[in-house]
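Presented sequentially are two complexes of chain A, the first with chain B as partner and the second with chain C.
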Partner chain A sequence: MKITKKRLRESAVAYSLLWPNLLLFICFSLFPVIWMLKYMFFRYGGIGTTETFTGLENFMRVFRDEIYWKSVLNTFEYALGKIIITIPASFALAYILNKKIKGSGFFQSLIFLPTIMSSAVMGLVFYLLFNVYNGEINRMLMGIGLISSPINWLGADHAMHTLIIVAIWGALGNYMVYFLAGLQQIPQEVIESAEVDGATGFRKLWYITIPMMGPILKIILMLAIATAFNDMNMILVLTEGGPYNASMVMTLYAYKFFFPVSAANTVVPQFGYGAALSFVSAIIAGVITILFLRFSRKMSDM
Partner chain B sequence: MKIESIKTRRYIFLTIAYIFAIVMCLFTVYPIVYTILGSFKTNAELTQGGSFLPSAWHFENYSKAFMENDFLRYGMNSIIVGVGVLVLAVFTTSTAGYVFSRKSFIGKKLIFSLYGALVFIAMGSVTLYPTYTVLSTLHINKSLLGLILALVGGQITNVLLVSGFVTTIPTELDEAAIIDGCSQYRTFFQIIFPLLRPILAVVALFSFRTAWNDYLTSFIISIFTPSIKTLTVAVVQMKYSINAAAEWHVMLAGASISIIPILILYIFAHKQFINGLTAGAVKG
Partner chain C sequence: MKKITAVLLIVLALIPSLAFAGGAGEDSSAESSGKTVIRLWTNDRHDATFWTEKVEEYNATNTDNIELSYEIYTDNIWQAVDMAFQTGEAPDIVKYDMYFDKYILDGRFVDLLPYMTDEQKELTEAVWYEGQNYIDGKLYFIPTGNTCLRLFYNKTIFDRLGLEVPETLDEMVNAAVTITNELKGEGIYGFACNLKSASNGLKRSLEPQVERGTGLRLGYDFGTGTYDFTPYIPYLEGWSTMIQQGFPGSESLDIDPLRSQFAAGKIGMYMSYTHAEPGVYVNQFPMAEGQEWGCTYLPIDGDQLYGQYFTGTPGFLFNKDGENFDAAWKAYTAIFLNVDNLREHFEQGFGISSIPAVLETADMGSDYVNNPALLKADDDVMYPKTPEEEYAQDFIVEGLDMYNTFGAIIAGQLDLEDGIADLTKRYNEVNERLISQGVYERIIYPEFARN
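== the complex of A and B ==
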């Protein structure tokens, strides 16, 4: 389009309203991406140190880094465990609470409650609840005779399971609300005509409701994958990725090359390596999402 | 006979449904109830076991948390940060959403596609350090203002949300206002802005919650400047204090202090919270 006086004037008005957001976007959304794309090729220890261009050295190190690939596997386990339980359970909840049963709204607001909580603060609470000797969970389970000796919830064998349980706790309400929105979009006539044809209960659920939820389920799953790959607050506070990296996930592993886990600790920052780790992790997350999209398209073609 | 069996089936479904819903509610609510009740117990009751309710209500846990851990100051910080982020988020998303939806301007395509591209990239923890360098270049890395700006950030999803909402407002309204002699700015602030209230309420609620609950950004910005710690950071950092093992009661009092304000907000605005989550999906 030709740049006319009128267009210049309009642009000036537009930018005069847009700049506060645009500035924040450039500083805090765009700049970090560019920063990563640059420093993943450098060795750099922070302000006051020299930065050295090292080419692909950081990436070579990523591929040799066993702890990192362990953390990738852990991330898969974490995401899979979280999604496989959260999605069916939250769908069941939405399905039940969408039927105008008594107290539906009350149930909804209780189940949504974890969503508004700080996952870091609740991480501290879960740290106490799951404590091996003094924690309430072991005391309760032993009280009702389900276990005879305390389970080391935050130990190497169970840390990942504990994180998955806690992640489900935080996510149920969120996905329940997504599914509720999806269920409310199914036209009432479809359900009614199925009823006229004699469909009841589970047949109605299996043949009408679930297939009609298909496209929404796809979006919800994509969101769930992206979120699970990025979770780190709760993990940082609850296990710090330990013990011995048993519950280390990709984002947290990269984090540890930038900052300490608490004000009492210190790290020798390796920003370049952290950037390379983050880049590889973003690629892995992207590939998984694309694979999922292809897979789900094939599913809906069948 | 047929009707009987349908009735029995419905009865069975309802029973299972209620049991499932109640179990899930207990699962989600228990940790929160534990926190609040635990904040009134003694350390021994918490670590050695005791009844569900505190044997005596130890309100002094709270005064201990407030006095010894400086929570009054950190609470003030949290309020300033929460309100600051809310105001800035509402202002920047409403102006940007309006411009993206209504105006055509030089560079729009480029800027809009940058926003669109970054929605889908999960950056994880790598953004924290560059964020910090921006603030330190601007010499605001030791102030609440810096933390507020970092937490507001690009607001990409909210901008897209607001912009979608502006599209549903008829353009005749703007045109009529301009014909009546309103300036472009007055048209936005006096005609459009009030109409955005429903969607801006969602932005306000969620950005306040995010700021109040944030841990990582607030933590890294306050590492070298403890006086700008927020409540969330101060509470979580208690885990790493030397006498943490003897202070479960104070930790839970701290956690309660950080949870209760948002809980009260939720009691009044739970409908908005729940509906707001899918605000962008309404029109699919």
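== the complex of A and C ==
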């Protein structure tokens, strides 16, 4: 009897701690998802308009929509480009800055700085740097003689590359911190015993550090994939997905049906179709994550 | 001890919800000061300094204990208003935008006619546009100004190269190419457009130009009740040349960076709204030393002239559920329907008046004397709504919309003939389907037919 009372009190404390978060989760995560699951079967133009049940029509339209599938391809290009460079680079940075050298704390903070910057501000600043008519980057590259005429960084041919560069700049510090945390968890004894056995430099890194980082690397990669597939803010500010959808990613494409970015009088919100696009996009991102998890499990079995 | 800890934790846990409750109390503080607070939402930034001053003056001097809160939004105003209506927090007054037509139809705004004095009716009668703000004998907003689309050009560059101000499409394209060829070395180019968002850029340039030259509105022919984008072809060809040989990076330009480069003397021509530009080059981006702008009508292909759309702006809508309509109307008429304020607004170049009493008595600034094209002309007309506008919720065209198709054609990303044929086909399919489904009858206005 006494035990149950104690338990009761304990769980009361636990629930009292839990409920604010739970409430916020229900309001701002669960409710919108349920809302979306309903409206993806409707034609609905937002508040002040009528809703009409259309069954699977929105989904059929998703599969006819060439721009969407192009934006899915773009998303893969963006995510791959970002992850392939960010992960090794941020690991290298973390590895170097983890050594107790002078100024490593300063450089850690410096590299982490972009992470706390608003991605919208980043977009604006990078527009000033990258624009073709008086951008600082072209001026510098021409100054050192690397290019002879300005590169149209935000034009159809390069917009995606520019976005990837900016995304890497913004993500490097973040993943560096994850890796730093991972590196500091490696027991010193293991490394010391490896050193006693004569392992040095690269061999120590390759045979001890990296395998020991396995579990945390898996989590970092999963986070990186999930984030890269949902990136949107900076793209919205820098290119709006253009020019001509060249840098359109799937989340931004769906977003535009909820919040038409331009105030053109012909653009009306299409909440139902946007919801269907979001659903399909979530499935795609989910499938990729599951595939990755399977793959990484197999890798660790080997 | 444990009990105290538990109580403390529960109190801590309650803090976020208490914070929510706190938010709703904001208004009451103003009321406790005894003032009736009226909220007005607008997205006009170009004349913010002017109106803020007038509002402050009114708040300080009015004897009705009214305080108008002039709240300026950016391009999020549409969502903000949607949200506000949903939560019952809509402002008393909101600046009209076509996006709010759905609320007008829904009866959410006040018909102003019963509250207007005979004087006010006489003052504003010229801007009661049937089907726009004057619907079925009810007046929902009063657009005291107007804005039309024009070609803005750099006079200094034109004089320097001895170029004539273009009147036809060919002349415009030739001038653009000449400027680029002659002055590219100095970083000066013939033409630019804010194409970062194709719809934002082209609705304020290519579309009114094509309207003026062809009589089509958003691709719709009011004579036949069908869509036909074929007449856009010569314009798209001209635009292709001008953009591809024009200011680099048009495809990623917003309007303000464009204006800043125009002010710096780097751009020969671009198209924009008449209500904003004169003020922009005084307050926002003063023209560089020795640079002078000029304004002319949109050049067209051929000599048959049709109407091009213009917009009545700003007009203000009054929330029917607002608790203080009388105070809102009082404040509005004292500030925004005040002939002296309107005249000053016009004279200082913050907007172009549509009110005859203002125009007749205003001291025209030199911008207007030198550029009569800034003022509304007879061929600036109010088009009836096309099916796409009138039945926006039903008229859903899949794939690239017209503006994005044009954008892709201009950039050379899409074949001109194929793109236009496909566009015409897709728009007509939707139009015919909705007619056959009985959503609407074919929309025809013989007086807007192309000859």
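Keep in mind that, in the parts below, the second predicted complex is superposed on the first by the 274 of 302 C-alpha atoms of A that agree within 3 Å, B and C clash if a C-alpha of one lies under 4 Å from a C-alpha of the other, contacts with A are read in each partner's own complex, and residues count from 1 in each chain.
What we mean here is this: contacts are C-beta pairs under 8 Å (C-beta built on N, C-alpha and C of every residue); 3 or more make two chains touch, one makes a residue touch a chain.
Model, not experiment: these values are computed from the prediction.
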Partner chain in contact with A:27 - chain B first, chain C second, else both or neither: first
Touch count on chain A, higher of chain B and chain C: B
Chain B versus chain C as contact partner of A:89, first or second or both or neither: first
First, second, both or neither for A:244, with chain B first and chain C second: second
Touching partner for A:61 - first (chain B), second (chain C), both, neither: second
Contacts of A:187 with chain B and chain C, given as first, second, both or neither: neither
Contacts of A:259 with chain B and chain C, given as first, second, both or neither: both
First (chain B), second (chain C), both or neither touched by A:145: neither
Chain B versus chain C as contact partner of A:198, first or second or both or neither: neither
First, second, both or neither for A:47, with chain B first and chain C second: both
Touching both chain B and chain C, residues of chain A: 13, 16-17, 20, 24, 47, 127, 134, 259, 262-265
Chain C residues within the chain A interface of the complex: 2, 5-6, 9-10, 13-17, 75, 78-79, 82-83, 85-86, 97-99, 102-103, 106, 108, 187, 195-200, 203, 218, 247-249, 251-252, 257, 261, 266, 388-389, 392-393, 396, 398-404, 407-408, 411, 413-414
Touching residues on chain A, where the partner in the complex is chain C: 9, 12-13, 16-17, 19-20, 23-24, 43, 45-50, 61, 64-67, 127, 131-134, 150, 152, 154-156, 159, 239-240, 242-245, 259, 261-268, 270, 273
Contact set on chain B toward chain A in their complex: 6, 9, 13-14, 17-18, 20-21, 24-25, 27-29, 31-32, 34-35, 38, 46-49, 88, 91-93, 95-96, 98-100, 103-108, 111, 114-115, 118, 121-131, 133-134, 136, 149-150, 152-156, 159, 184-185, 188, 209, 212-216, 219-220, 223, 226, 232, 235-240, 248, 251-252, 255, 258-259, 262-263, 265-266, 270, 273-274, 277-278, 281-282, 284
Interface residues, chain A side, partner chain B - complex: 3, 7-8, 10-11, 13-18, 20-22, 24-25, 27-33, 35-36, 47, 89, 92-93, 96-97, 99, 101, 107-129, 134, 136, 139, 169, 172-174, 177-178, 180-181, 185, 200-201, 226, 229-230, 232-233, 236-237, 250-252, 254-255, 258-260, 262-265, 269, 271, 274-275, 278-279, 281-282, 285-286
